[in-house]
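The first chain written gets the first letter, and so on, giving A, B, C, D, E and F; residue counts start at 1 in each chain.
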Amino acid sequence: MKRLDLIFSERELDAMLKCLEKAEVPGYTVMKHVTGRGPERVVSEDMEFTGLGANAHVIVFCDEEVLERIKVQIQPLLNYYGGVAYISNAEKL
Amino acid sequence: MKRLDLIFSERELDAMLKCLEKAEVPGYTVMKHVTGRGPERVVSEDMEFTGLGANAHVIVFCDEEVLERIKVQIQPLLNYYGGVAYISNAEKL
Amino acid sequence: MKRLDLIFSERELDAMLKCLEKAEVPGYTVMKHVTGRGPERVVSEDMEFTGLGANAHVIVFCDEEVLERIKVQIQPLLNYYGGVAYISNAEKL
Amino acid sequence: MDTSLILKNVLTPPVLFFFLGIISVFAKSDLEIPSPLPKLFSLYLLLAIGFKGGIELQKSGLGGQVVPTVTAAIIMSLLIPIICFVVLRLKLDVFNSAAIAAAYGSISAVTFITAESFLESQNIHFDGFMIAALAIMESPAIIVGLFLVKVGAPKERPIKRQMRWRQILHESMLNGSVYLLLGSLVIGALTGAFNPPGIDKMQPFTEKLFYGVECFFLLDMGIVAAQRLPSLKKAGSFLIAFAVLMPIFNSVIGVFVARALGLSPGNALLFVVLCASASYLAVPTAMRMTVPEAKASYYISTTLGLTFPFNIIIGIPVYMGLVNQIIPAVTG
Amino acid sequence: MDTSLILKNVLTPPVLFFFLGIISVFAKSDLEIPSPLPKLFSLYLLLAIGFKGGIELQKSGLGGQVVPTVTAAIIMSLLIPIICFVVLRLKLDVFNSAAIAAAYGSISAVTFITAESFLESQNIHFDGFMIAALAIMESPAIIVGLFLVKVGAPKERPIKRQMRWRQILHESMLNGSVYLLLGSLVIGALTGAFNPPGIDKMQPFTEKLFYGVECFFLLDMGIVAAQRLPSLKKAGSFLIAFAVLMPIFNSVIGVFVARALGLSPGNALLFVVLCASASYLAVPTAMRMTVPEAKASYYISTTLGLTFPFNIIIGIPVYMGLVNQIIPAVTG
Amino acid sequence: MDTSLILKNVLTPPVLFFFLGIISVFAKSDLEIPSPLPKLFSLYLLLAIGFKGGIELQKSGLGGQVVPTVTAAIIMSLLIPIICFVVLRLKLDVFNSAAIAAAYGSISAVTFITAESFLESQNIHFDGFMIAALAIMESPAIIVGLFLVKVGAPKERPIKRQMRWRQILHESMLNGSVYLLLGSLVIGALTGAFNPPGIDKMQPFTEKLFYGVECFFLLDMGIVAAQRLPSLKKAGSFLIAFAVLMPIFNSVIGVFVARALGLSPGNALLFVVLCASASYLAVPTAMRMTVPEAKASYYISTTLGLTFPFNIIIGIPVYMGLVNQIIPAVTG
């Protein structure tokens, strides 16, 4: 199995989750109020009240073939709005 | 070393941590206010105030043999209340 | 690529991020309001208002060579204040 | 006459803010009241209403209508879930039926508060001891619900799931919101008895602020309720009908009990609202712990997605009309 | 005279708490107002000011200066971004220019609130209908900004980024803070019309508490503004100059429009402040969604890091001086 | 006489809510006040009490008992940690002794606030300048604590841990809660001097709401304190005894100093409470940064788990009895 870590701006969370649903993921986990720095932007907690200041961190545990579907769905979003996506190996306990 | 990711309803956090202690984990990390979707339920932030709307995400870094003990302890809880548990490889920096 | 998970007291977050910048990481993600237990201390949410009760969880996705630089920078902080650092494998989606 | 009452109810700030929340979901506005702010409001409302109730209870004592009303309230919260259970079993299994039944036997504090505001805006008097009925009605339904599971499904459950009575009592009496409401009630009564100046010092916090926080919270509740609607659709037409007709049925029982108790119109409305409202705080969390076989989306989408908004917007004035029809016949 | 006004402004609690926040950043204090508390304060302020404005608007009706003033406000919020765009294009690309222009065409509710407090501390009268102008000025600038992008850069954008008008209207009208402000305004007006006792019951929450929450929020805004300063330095001297000179320029246009409208000095100051202030709530989130090519650090560090503190500390009293010079010449 | 005072103290809303919090932990209720709501309450209380104190200080000026009292307060916060250190060294190492000593030399703002409420409920007058003593006593003890580490353990520490005085001053003076309290004090004084109408506008927020928020916060503090008890047990009987006996000892020194200063009974009680209370906000965070060798569970479980509830429930009325015995002998 695989584990996918997605980090992107909270504002796109709904759109991103729709993509995941389209890719028929078995489930997902969302952590909001996450901050960070990418190559260009710093996202800081003190700006959260403006709606600009937080990322969401989404984790998906799924089989490898689902990953391909996810990739197709979310790549445009990541390209347009920014955000990162990394995969690693995982297995059920 | 191994990394264990546990995601389940916040309401069972105390019970789950007790299980981890019984399994003699060297430590753990808890993230609350996590939301998500499993095969059946959607857990959403707007329900958090009712006590139904949040998961906890627990991370344990431990040796492989500890995992076995953890499994024995937490499996009944996961079966009864739901929740997921995944393992991956990790090593100390 | 590698994934680094750092967990330590929120009070040292600024210092830790400075170290990461010195190590020239490509980016990082910060989750605050994290609790947990290490070999000695329990960090609990109810103490958060005192400034003692929360950890930060920092994730860095980076190449292996960056890890070395990070290690040099953050080891003194981890030794002095406590905290853990684990690495695992990851790749871009 | 009812329509004018409905209009009067709809044009009060709490209900208007509730609408604002509902509309924001349908218009897809990104208005959001982030967690834990709704928790802050709900803790505040429970603390304030409990404290206020305690003071009034101490003033009035346990004489007069207090003990009969509270006793009737307990009986209703034991009786209603059984009726609901019987109805629900027509279509649902034991677990879901019991969980939903428990929710409808228990009460919704926010509906109660909105009914109080409605009475105030209509200048109709009501008594503080009704808050005692509110506080006391949260728990019994939980116990009945768990009892129904125990009786209805003794063989279907694995041994591990055999409930212990300790756990049941714990879930029903020590649930955070029940505990805070009851505790604040006791503190209010003690303050009224032993430290009257303390009342005046609390007053700006517990009284003056109340209406505004209620509006703010109802704004959020509008959002939350509207977001439950899609899962209500999935729950099917039986549950949708149940979520509207059951409260009306319960309100009719309630109004006749209120008449039998000789309650004034104001108190009668509150009594009816207690019967007609359903819990989405204490009961769901208790059911989640003790009856995980029941689908949370069923008891949440019915209580929160339909019964709650129905009561807030239409139910309260309709019940008032009912009270006006049934009660004056007795007192007049 | 202006320096005495500046001093008077600086020595009010809101501005003093704003300073306390700024200083805490420079002194590296670990004072922090953790999320989502700032959100609580900003939601509260929008709800309260909207409700208040609605009541006043209902009282005054739409006669007199109301319609002309609101119309002028809309025109200003269409005109100012175009002027800003022309200036910004001297140095910046279309995307950044349009995004910053939209921010300066829109308004800052907190600056407006601070200006109201300033007027109150000076015992200068102003009218509630100005809040309608505030509410109405948030959106048009967003539309202009997106229009400028559409016109200025039609070929540079990939097809996917072609904006749909639906999305633009959505971002401009249904942004959470715009929606809450407008919604509360409507609720205030409905309450004033149909349920006057509801006003008194809201009053402790929406009126009495207001000044204190404003101070608390400005404490946080001081921290937030000061933390934007490093990225302002990176933005370069052109944007730094723009962030101070553009508000002054806009205020001058504003004061002459106010004079033409025949506004009283109090209303004139508020009108000028609307013209001179820049949005860091609704506009940046809208731009982030629709013009991701623009650098967020540019439109945030200028509006929040410089224009906002400039207006709060120096701008408001300077604009008051301006109003005093220009307006009495007409009315006197 | 003391028992009647204790009873009177226990039956005020703040102490009753404190009990409600404690009981919820022992009864295993799931009542929880989620983060960052406790932070909101503590920020509010510091802001409000600081602002109030500043106004009063400006009114009274620095004449009369102000300077002697504040000077005595500083001396106490230098002296008490040294006494504590000597006692603690009997059983503990330098690091733990110094950290705990610093906590007991510093003060607890919530204990102070509860003492003020107690005085108000007893109709005993006290002066606003005592808040200046409160604000000023937070920092010196931190410096003494760090000094004790420097002197007591110069060779045991690796070079890296050699403290820089800059850091020490930073931790002691610019800690968020110290900074907010002092800053609000200054703002209160400036408002009192230059903008008196600003006082009235702040009043509903800083004064009227205070008592209610205090109760809400003490509910949470009860939970937090009770949850520290298990680690207190682990800390051992020496520290348990210390956490009760040391405050009593300090209160006795305090009452004689208060007598020497000629303070009125109300002011004397506050002075004694400052001496007897221990810090769980500013000092622990400072110690965590500068003396990581010390076990946080030691200085938290003693100050927060035992000394704090002891002072709130029993200490304040007992100290009042002490004051009544010692002070009238002087003034009468």
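One rule holds in what follows: a contact is a pair of C-beta atoms (placed from the backbone, for glycine too) under 8 Å apart; a residue touches a chain by one contact, two chains touch by 3 or more.
Keep in mind that this is a model prediction, so the values were computed, not measured.
Fewest steps needed to get from chain B to chain E, stepping only to touching chains, is 2. Relative to chain E, the chain whose mean Cα position lies farthest away is B. Distance from chain F peaks, on a Cα-centroid basis, for A. Centroids of chain A and chain B (each the mean of its C-alpha atoms) stand 20 Å apart.
Averaged Cα coordinates give chain D a centre that lies 41 Å from the centre of chain F. Centroids built from CA atoms put chain D at 33 Å from chain B. Residues of chain E in contact with at least two other chains: 30, 34-36, 39-40, 176, 204, 208-209, 285.
Each of residues 11, 31, 33, 45, 51, 88-89 in chain C touches at least two other chains. Considering their complex, residues 8, 11-13, 16-17, 20, 23-24, 27-37, 40, 117, 120-121, 204, 208-209, 211-213, 215-216, 219 of chain D touch chain E. Residues of chain F that touch chain C in their complex: 34-36, 38-39, 41-42, 160-161, 176, 220, 223-224, 227, 231, 280-281, 284-285, 288-289, 292, 295-297, 300. Within the complex, the chain C residues that touch chain B are 4-5, 7, 31, 33-39, 45, 55, 57, 67, 70-71, 84-89. On chain C, the positions that touch chain A within their shared complex are 1, 3, 26-33, 59, 61, 88-93.
The touching residues of chain B, when paired with chain D in their complex, are 9, 11, 33, 40-42, 44-54, 76, 80-82.
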